[in-house]
């Protein structure tokens, strides 16, 4: 085992983990602003406020670290790291280009990714409980309820792709991809992407952090760097969900000239999906809690089951 | 990767353990990143004590009571439902990797449909009993 | 059956020494000690939510142990099901009921000595069983033997009937959960925030009379 | 019967279309805004016109006008007449941290001592600085724009009409006197 090589890959993953969410965040600033007829940040960095999030990061790093007196100190301080690190791990396993252009190929790819992403919830739950704040607790409970409802359609949709490819390894799935998978797996893609959006608690599924009623949910009491880590985990989550949808449903690096420019295709598709995430946020109002639950259990899960049946039948028919 | 029933060759194992060693290393890298960030924060940040700042935030007024309030218990049923369905969904993955291989085919597909069918019946039951209603 | 045997490794007596452990064995041992420690803290801590969180450490450590034993599939199932849903379920339940920050004086059970005795008995039985079953046989860990594909092969070649029985069991659990959450007849009389306590019909009827 | 989801698609189309359009944001500190006429920025005081009648302070809905005055006795010009008293303004201040820019003070001022000025850049870091004393209020007078011209078709202002009438009458009387002399 080449330790240096592995270390380099890990550091590269960390760099990607720190850069891509910032790019998505800046895109969100600008895209959301223009969709609302505004300009967004214009000053930081000179040209159209490109350095706004860097400036935000510098500001967050200098801020005081306030832990409420009633809070459970240790858990309160640990929660942001628990919420953040799973996304870093997931990023390692997402293949970018053909021929081993991946942080680290893991055989049980889908499984690894879904399992590790599930740990992130614990961060929100810990934050919600340890803050000693009613709104935080409510936010934590809503987070738990929402994630439990949406994890399932996500699992089922991912299983559908695993069926189509006959493997659970992420590079294996992209290798097995054919263009006609896109129509074949449309329902699965829709379910996976929507459930992923709900897992991230992004609008219109942002009931757990609904700012107009429970302030900021589990993150209400957080300030400074710890708050920044929660935000970073949200944007890293966008990158991860978009990347996973790309890899599982949109064929990852497949596209014209994919031998040399495969990684570019993956990035392009990921960013297109990240744009859709932002676009949905700007367009739709927040779903109510009962609508959220009903959507997951009576729309997404039956759809995912139907997709499973379709995948199974077609797969057996063609083999 | 094809699974091969080969035993007792340490060389085969290197790929698997390497992959998870990389994951472990990334955990270390991530923890170091967080530690460095907080050390920098500790050096840069001001510390100004005031008891008001440490109060729980309740829209600007002094907090009432304690940090816990009674909430609806209804959603707990879905937590149960989720755990049961998740256990179910897990079985889809090993099935997904083998069902189209030679020697399984339609029979395995039917087996899985029976399995999913039972759970679909469960979901229908829940639906019918009004568990999946929220208003 | 040959694949099964091959996966289980040779059951021959050990030819290797325990005195020159490999890296994986050392890690396995260290993680095992950490898991044991976390488990002990989890049952002895006086703070309810801390106990649940130490349970997370314990179960996560077990997942790492599974990984080290090349049981890849089981390891991630452990994370997905136990960390992702069972612990979340426990935390959810704790928060919904009452889990104050700080010590809970009533967290101590009077049955602790009985529980300790049962736990020790169970552990003793398991250890005896495992030691007796494997003696000094050396199982070579071949990565891939615990992969998803291998698990699928076993499951759908040899264990189809238990698998189908499992679906019935899960259905029973589902129905049980639903039945338990309702008190006998009809729906739970749930208080509905934001709605009038008086039936809506009488209100409209009153307005019609007027 | 609309296709299900067409509303959702329409929503997406609206936001996408808005994104392609030019934004309407005014880049304020770089580009000064073009203010409409009669913008309510700050209230200016023409001290010379103030008679300390206190109407503005009394009508102010949030009591943000502070007026102090004292009476001054003017010696009578004519020994038979009574000495006259006059109000002298000591303090006139408006607390713009309270003011809600309703403009009632300006409306009720019977002697045109208060005016709207369009200046709005008087933010302070200390809330006490937002109480503008009379010197500051007098300074704002220089920023009060000239009143807009009357509509050409409008009726003549009453003051001018009356003045003209008086002047005409005087002129007519003068003309009659001249004729009588002649």
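Which chain is which? They are A, B, C and D, in the order written, and residues in each are numbered from 1.
Throughout what follows, contacts are C-beta pairs under 8 Å (C-beta built on N, C-alpha and C of every residue); 3 or more make two chains touch, one makes a residue touch a chain.
Note that the structure is a prediction, hence the values are computed from the model and not measured.
Asks: Most contacts: which chain pair?
Replies: Going pair by pair, the biggest contact count turns up for A-B.
Asks: What's the farthest chain from subunit A if centres are computed as the mean of the Cα atoms?
Replies: D
Asks: Cα centroid separation between subunit A and subunit D, in whole Å?
Replies: 56
Asks: So, what's the distance in Å between the C-alpha centres of subunit B and subunit A?
Replies: 13
Asks: Rounded to the nearest whole Å, what is the centre-to-centre distance of subunit A and subunit C, using the mean of the C-alpha atoms as each centre?
Replies: Computed value for the inter-centroid distance: 26 Å.
Asks: If I count partner chains per residue in subunit B, which residues reach a count of at least 2?
Replies: 1, 16-17, 20, 66-68, 71, 75, 79, 81-82, 86, 90, 93, 95-99
Asks: Among all residues of subunit C, which ones touch two or more of the remaining chains?
Replies: As it turns out, subunit C has residues touching two or more other chains at 72-73, 77, 80, 84-85, 88-89, 92, 96, 101, 144, 147-149.
Asks: Could you pull out the residues of subunit A that touch at least 2 other chains?
Replies: 70, 107, 111-112, 132, 137, 141, 144-145, 148, 151, 155, 167-168 - these are the residues of subunit A that touch more than one other chain.
Asks: Please give the residue numbers of subunit D that touch subunit A in the complex, ascending.
Replies: It comes out as residues 8, 11-12, 14-16, 18-19, 21, 23-25, 27.
Asks: For subunit B, which residues are in contact with subunit A within the complex?
Replies: For subunit B paired with subunit A, touching residues are 1, 14, 16-23, 25-27, 29-31, 33-34, 37-38, 40-42, 44-48, 51, 53-59, 63, 66-69, 71, 75, 78-79, 81-82, 85-86, 89-90, 92-93, 95-101, 105-106, 109, 112-113, 116, 120, 123, 127, 132-135.
Asks: Applying the document's contact rule, which stretches of subunit C touch subunit A when the two form their complex?
Replies: On the subunit C side, the touching residues are 47, 49-50, 53, 56, 60, 72-73, 76-77, 79-80, 83-85, 87-89, 91-92, 95-96, 99, 101-102, 144, 147-149.
Asks: Please output the residues of subunit C touching subunit B within their complex, sorted ascending.
Replies: Interface residues on subunit C, with respect to subunit B: 3, 6-7, 9-10, 24, 67, 70, 72-73, 77, 80-81, 84-86, 88-89, 92-93, 96, 98, 100-101, 140-145, 147-153, 155-156, 160, 163-164, 166-168, 170-171, 173-175, 177-178, 181-182, 187, 190, 193.
Asks: Contact residues on subunit A for subunit B in the complex?
Replies: Listed in rising order, the residues are 1, 6-7, 9-11, 13-14, 61-70, 81, 84-85, 88-89, 92, 103-107, 110-112, 131-138, 141, 144-145, 148-149, 151-152, 155-156, 159-160, 162-163, 166-169, 172, 215, 220-221, 224-225, 229, 289-291, 293-294, 297-298, 301-302, 305, 308-309, 312-313, 315-316, 319.
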